[in-house]
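In the two complexes below, chain A is the common chain; its partner is chain B in one and chain C in the other.
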Partner chain A sequence: MNNIAFNVALPLLTAFLLPIISSGSKSATRFVGPFVLLAMLWFALAYFNVLQHPVAIALGGFLPPLGISFHLDNLSLLMAALIPLMMLLLWPYNNREGFREESLLLLLAGAASGLALSGDLFNIYVFYELLSVASFGLAAANRTAAAFAATFRYVIISGLGTVLALTGIALIYTQTGTLNLAHIGLLASQLNNPVGLSAFALIVIGIGVKAEIFPVNGWVPEVYSTASPRISALLAGLISKLAVLVIIRLLVVAYQGSQALTLLLVLGMLGIIWGELSAWHSKDLKRMFSFSSIGQLGMVLVAFSIPGDAGMAAGIAMMLHHLVVKPGMFLLTENWNGPIKKLKGAATSSPLAAFLFMLFALSMIGVPPLPGFWAKLLLVTGLVEANAPLYIIALVVLLTATVIEAHYLMSTALKIFSRGKKKHFKKLLQTPFNLTIATIFGAVLLAALFTLTPLGNKLNQIATESSDRSLYIKTTLSLKLPPQVKQQVSKVQ
Partner chain B sequence: MRNISALVFASGLAFLLLVITWQFILGGAPMLIGEAILQQAAEELGAANLVTSVVLGYRGIDTLGEIAILFTASTATSLVLSSIAEKTSAKSKPGLRDDGTILASSASLFFPLLMTIGLYIILHGHLTPGGGFQGGVILAAAFFLPLLAVPGRGVNHSGLALVEGFAGASFIVIGIIALFQGKAFLQPLFGHGEMGSLLSAGSLPLLYIAVGLKVGAELSGLLANLAEPSGNGDETLSATESASTEQTSMQAEKTKS
Partner chain C sequence: MTTNLIHWLLYGGAMGLIVIGIVGVVTLTNIFRIILALVIAEAGANLLLVIAGYRFDAIAPILTGQALSAMPTTQIMVDPVPQAMVLTSIVIGVGVQALALALVLKVYKNYQTLDLREIHHRMLADIDHSSGVISLLSEEQPKGERPLPEPETKNVLNSGGEK
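Showing the complex of A and B:
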């Protein structure tokens, strides 16, 4: 199990060496990245297959809570496998300009794997910062003036976010005296006070910059509409989910009280309202997708705010669904730039792209029997069963948002399928690569449709496992506590 | 509207932080991990500087993350700057001022002194305060000082990239060697030695040398990168100018919609 450290070490090692490799051989530069990603995928899948129960590994051989530990369970290994998989799909295979973008992508992969696996709050912060800096570079990789302006705003908001998150982590440290997540969970009773709760709020807002959470998502529409579609797909599809993963780990392990859940619920609802209404207003396809991404992540947050296994299952289902659908949609925007009005007749020049748009849109609205419907159904039943006034309000917000979503997506579809001049879209035939990748995302969505039962079973298993607080704590701390800490822990209790 | 919401957010944050500070019991914070590390670090790692045993031992992977962040920042910066450099390279460079013999020769005089101090701090990182990050910054200053004194003096970028790449790689390779020996990633190797002597604390000094060289090479490369296109400031200005006009047009569109 120790070998899972390769998932962090290998991409970083390759990124460090890439400048040297590229001065030696240009073709090696192009192949080494995908090769490393394949190796990462192999490690993650190998452990995913043999994992019977969650395992913790101590990095550097120092037992947690003194050292840093990685927590391996179904959820973290699933994310660790999805990272290289998405990167392989969205890799710039036709980039001949140099090694820098590849280097940044590998650093992003290493940071994301660390974020998915780590069980230590400060270690999570370090990888989050690495993830942020790598994504700044990628957002500006287009090197247009608009991309620079958007990235600048992104840097400022992210900088604010990391400072807030660090303040939150420091507050948790002053209250508990430890940084290991499992150890914090053991001492969770000391966080049930105004200082502990505001620490949680600060971390949610801080990490929430990447998760597109309500007050700190001003960068989203600008960055996604100026970066290349591959990068937007990566940031919206994968990176936002990792930030959400950190928040729910903290929620499950340390904040079981209702205040933390209410905070997530309210932020989620505000995200839904703001995102969907802005998407409804927007005149540009990329901006529309960006705003709808904010709305969708609001729904994910609402799902995780439902207590117990039901919320966890609904949240993970919404997360995975968004992870497949949104990158597919962003890849379609490659040739559908500009205002939505100009999309007239797009279907006649590229029926496949139009079909894929329809598929993704219907699944996102939640039309049965597409996978999006089942994910939203889990969310709706969860909200109904939670049976509290605030959750009923959330239900109303969710259903209204679905209607708005259906309206703007379908009116766009109407434009695409209406008759129009063909000549605008000739370019589409020349760059079919992104369309091929979008087709793969569509195929995955359809494949999920035919394997709903096994997927549902696995989802329930993952949800039960990852919402089990005592299992998480036991897994890490059963590595044997150092005697001094054990003594102090018993003194505190 | 935007100013008002920013003001509300900032004052809310300030209020929250004030309330939190009010709640603190100063000096009463629990030190679970801190005390445990103080008690056993010297015995477990054999480093006289306890901070080093935390930075490279207990939290070694954090340090790996930190050097990766610096590397990422410099890669991203050179990605952004390369577009400006490409545009300006066609133009002839404007004549550079000569700032005089005193400045130039004192910069050369400082070079060996700074190198010695930087390397000393790196090599004694496991014994005395300081270490790879601090020493690395001094190394970078040693390389950057001559560049400030005599603008236009070239920097050997490929040499820096070589040092940077191999230093970063050796940090990770030391970690992977432990993995192949059946230990955990980044577990210290080769025993403790006698505490307080130069050859002690296992592989920690090696890790610090890697960190120091990487930080030094990276910072000097980054600073040189920033210094180089500055001779042709008008081009940089026009890029930012067009960026800002584009943003205002974007805002105009937003207000329209």
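Showing the complex of A and C:
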């Protein structure tokens, strides 16, 4: 029954074995990675199918709160299934030599799965660091001077975030004396003081480096415009969501007071304003998308700051929408990387790419039938129903940001669809590989359009389940060891 | 009283190290010094964790070979959990610092400078160049049609030479 632990162990093991495998056989190196990812996907989906109610797993036969536990509910299993799926889509299949990128991607997959499933604060910190190191390597994989410099700044900002997060964790430990999330939730009343709240702020800003939260996102445009589009797609689409997941777990379990929500709301609004204005100002596609991703994650944060199920549902919807749309957009930047002025005639050169761009852009702005509209609608109704002055300000910010978003995306679309010179056409051709993957993302978006009702029902179910604090605590702390493990443990003792 | 004072002194010291480190990372421009500031901040965070588990008049959490019954019942031990965590975080910290130093080498090889502002400037210029955007930085510079004033240092040197 503890198969899900393989989702962490298997990719980590393979990542370190890959150099040895590649010295033996080059072709095996190419197949091992996707095979491991498929196995991870299978384990996660197998759990997803049988899951009736949240389950906790005590790793190594040590019961929580002392032992480390994994918490499996719909949300964490969804992320655990999305990790290998996204990796499979963005895997470097055409990389014929070398194992470095594959190895780092597997490391990233293992650490990300751990982050999604873990129910222990220090364990989360360790997986977060592992994830960081893997993403540093991937960000510098281009080996250009600018990529090294951008990665260095990323390492420093990330290192600072780590220190802040570790300080926050230490402060929580001084207040509660435990690191298990469920146990912290049980003792949440001890955190309702300045020290506890500052611990939350420190962890939000520390983990927020990956979630592109406002004061610590200086690395985003630099890294995304120097790394290859696949890596940008992975970091913006998947990794940022995992950091957000950690923040909302902490929020739901231990910080239900209004101060923590206000902090998220303000940080989110600042992120929206800064991200969208910078995107509006930027002159090339890569930087426009990286800034708009900061803005979108600000919206996600604003959504999660709405109290209750409504906020959780809106936040998860925005998160999943961004997870599909942004990677698709980043994949289009590989050959459309240049000043926006020079994109004239791109539609005649590759019509499918232009159609996909239009689809993603319209969905991101929130034009009615597309999924992006329903996600934004949930957010807007949530903000209206919250009915507090700060939430109304957030609503104004959100709607203004949507207008700005519409302006810069549509003026880019105008350039793409206008007539251009024939001699530029070859430059603007998309590679078939990138185009195929982007088409898959587009198809997912369109498929979501036709299955809105079941998706909405599932979303509500996930939201109610993951915003239920007592359920989380009960699941982990009422855990009993299965008789077999008990026997083994007593034998050792 | 004194134990309380020492307690606060320790917490203050750890917090002070973290603050020194963060201020250093934010204000310094030499990238090597920035890494050192990061090391100081990390040491502060680790110290904070160790202090979180510290108890006065307590023994180390190890088996001493002494029978439990022979120990005084009032004897307490230090909380072992933070110590295990600090070991982990020290190891992680060393790994990240090594990676940062490797990147410093790469950056220095490419840009021949350790000044973060200049590196940032040149990196932005590189990104602008690779994406074909006219750099904002170059808009601030004179276009070259206007004659530049003679650099003053040259005159000073010349006049000094004549005298």
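Heads up, the rule we're going with is that the second predicted complex is superposed on the first by the 472 of 493 C-alpha atoms of A that agree within 3 Å, B and C clash if a C-alpha of one lies under 4 Å from a C-alpha of the other, contacts with A are read in each partner's own complex, and residues count from 1 in each chain.
Everything below uses one rule, namely that contacts are C-beta pairs under 8 Å (C-beta built on N, C-alpha and C of every residue); 3 or more make two chains touch, one makes a residue touch a chain.
Here the structure is a predicted model, which means the values were calculated and not measured.
Once the two complexes are overlaid on the shared chain, A:Pro368 sits clear of chain B and of chain C alike.
Legend: residue contacts after superposition of the two complexes on their common chain; A:Ala146 is shown touching both chain B and chain C.
In the superposition on chain A, contact is made by A:Asn193 with chain B only, not with chain C. Within the superposed three-chain model, A:Thr162 lies in touch with chain C and out of touch with chain B [touch as defined at top].
By the touch criterion defined above, A:Thr174 reaches both chain B and chain C. Put chain B and chain C next to each other and count what each touches on chain A; the higher total goes to B. With both structures placed on the common chain, the touch criterion links A:Gly308 to neither chain B nor chain C.
By the document's definition of touching, of the two partners only chain B reaches A:Ala134; chain C does not.
In the superposition on chain A, A:Gly338 makes contact with chain C only, not with chain B. Once the two complexes are overlaid on the shared chain, A:Lys286 sits against chain C while remaining clear of chain B. Overlap of the chain B and chain C interfaces on chain A comprises residues 122, 126, 129, 133, 136, 140, 145-146, 148-149, 152, 164, 167, 171, 173-174, 177, 179, 222, 283.
On chain B, the positions that touch chain A within their shared complex are 9, 13, 16-17, 19-20, 23-24, 29-37, 39-40, 44, 57-62, 64-66, 68-69, 71-73, 75-76, 78-80, 82-83, 158, 161-162, 164-166, 168-169, 172-173, 175-176, 178-179, 183-188, 239-240, 242-244, 246-247, 250, 257. Within the complex formed with chain A, the chain C residues making contact are 18, 21-22, 25, 31, 34-35, 38, 41-42, 44-46, 48-49, 52-53, 79, 81-82, 85, 88-89, 92, 95-96, 99-100, 103-104, 106-107, 110-111, 116, 119-120, 122-124, 126-127, 130-134. On the side of chain A, the complex with chain C involves touching residues 122, 125-126, 129, 132-133, 136, 140, 144-146, 148-153, 155-156, 159-160, 162-164, 166-167, 169-171, 173-174, 177, 179, 222, 225-226, 283-284, 286-287, 337-339, 342.
Chain A meets chain B in the complex at residues 2-3, 5-6, 8-9, 12-13, 15-20, 23, 57-62, 65-68, 98, 100-101, 103-104, 107, 110-111, 114, 122-123, 126-127, 129-130, 133-134, 136-137, 140-141, 143, 145-146, 148-149, 152, 164, 167, 171, 173-180, 183, 190, 193-195, 198, 201, 215, 222, 281-283, 482, 484-485, 488-489, 492.
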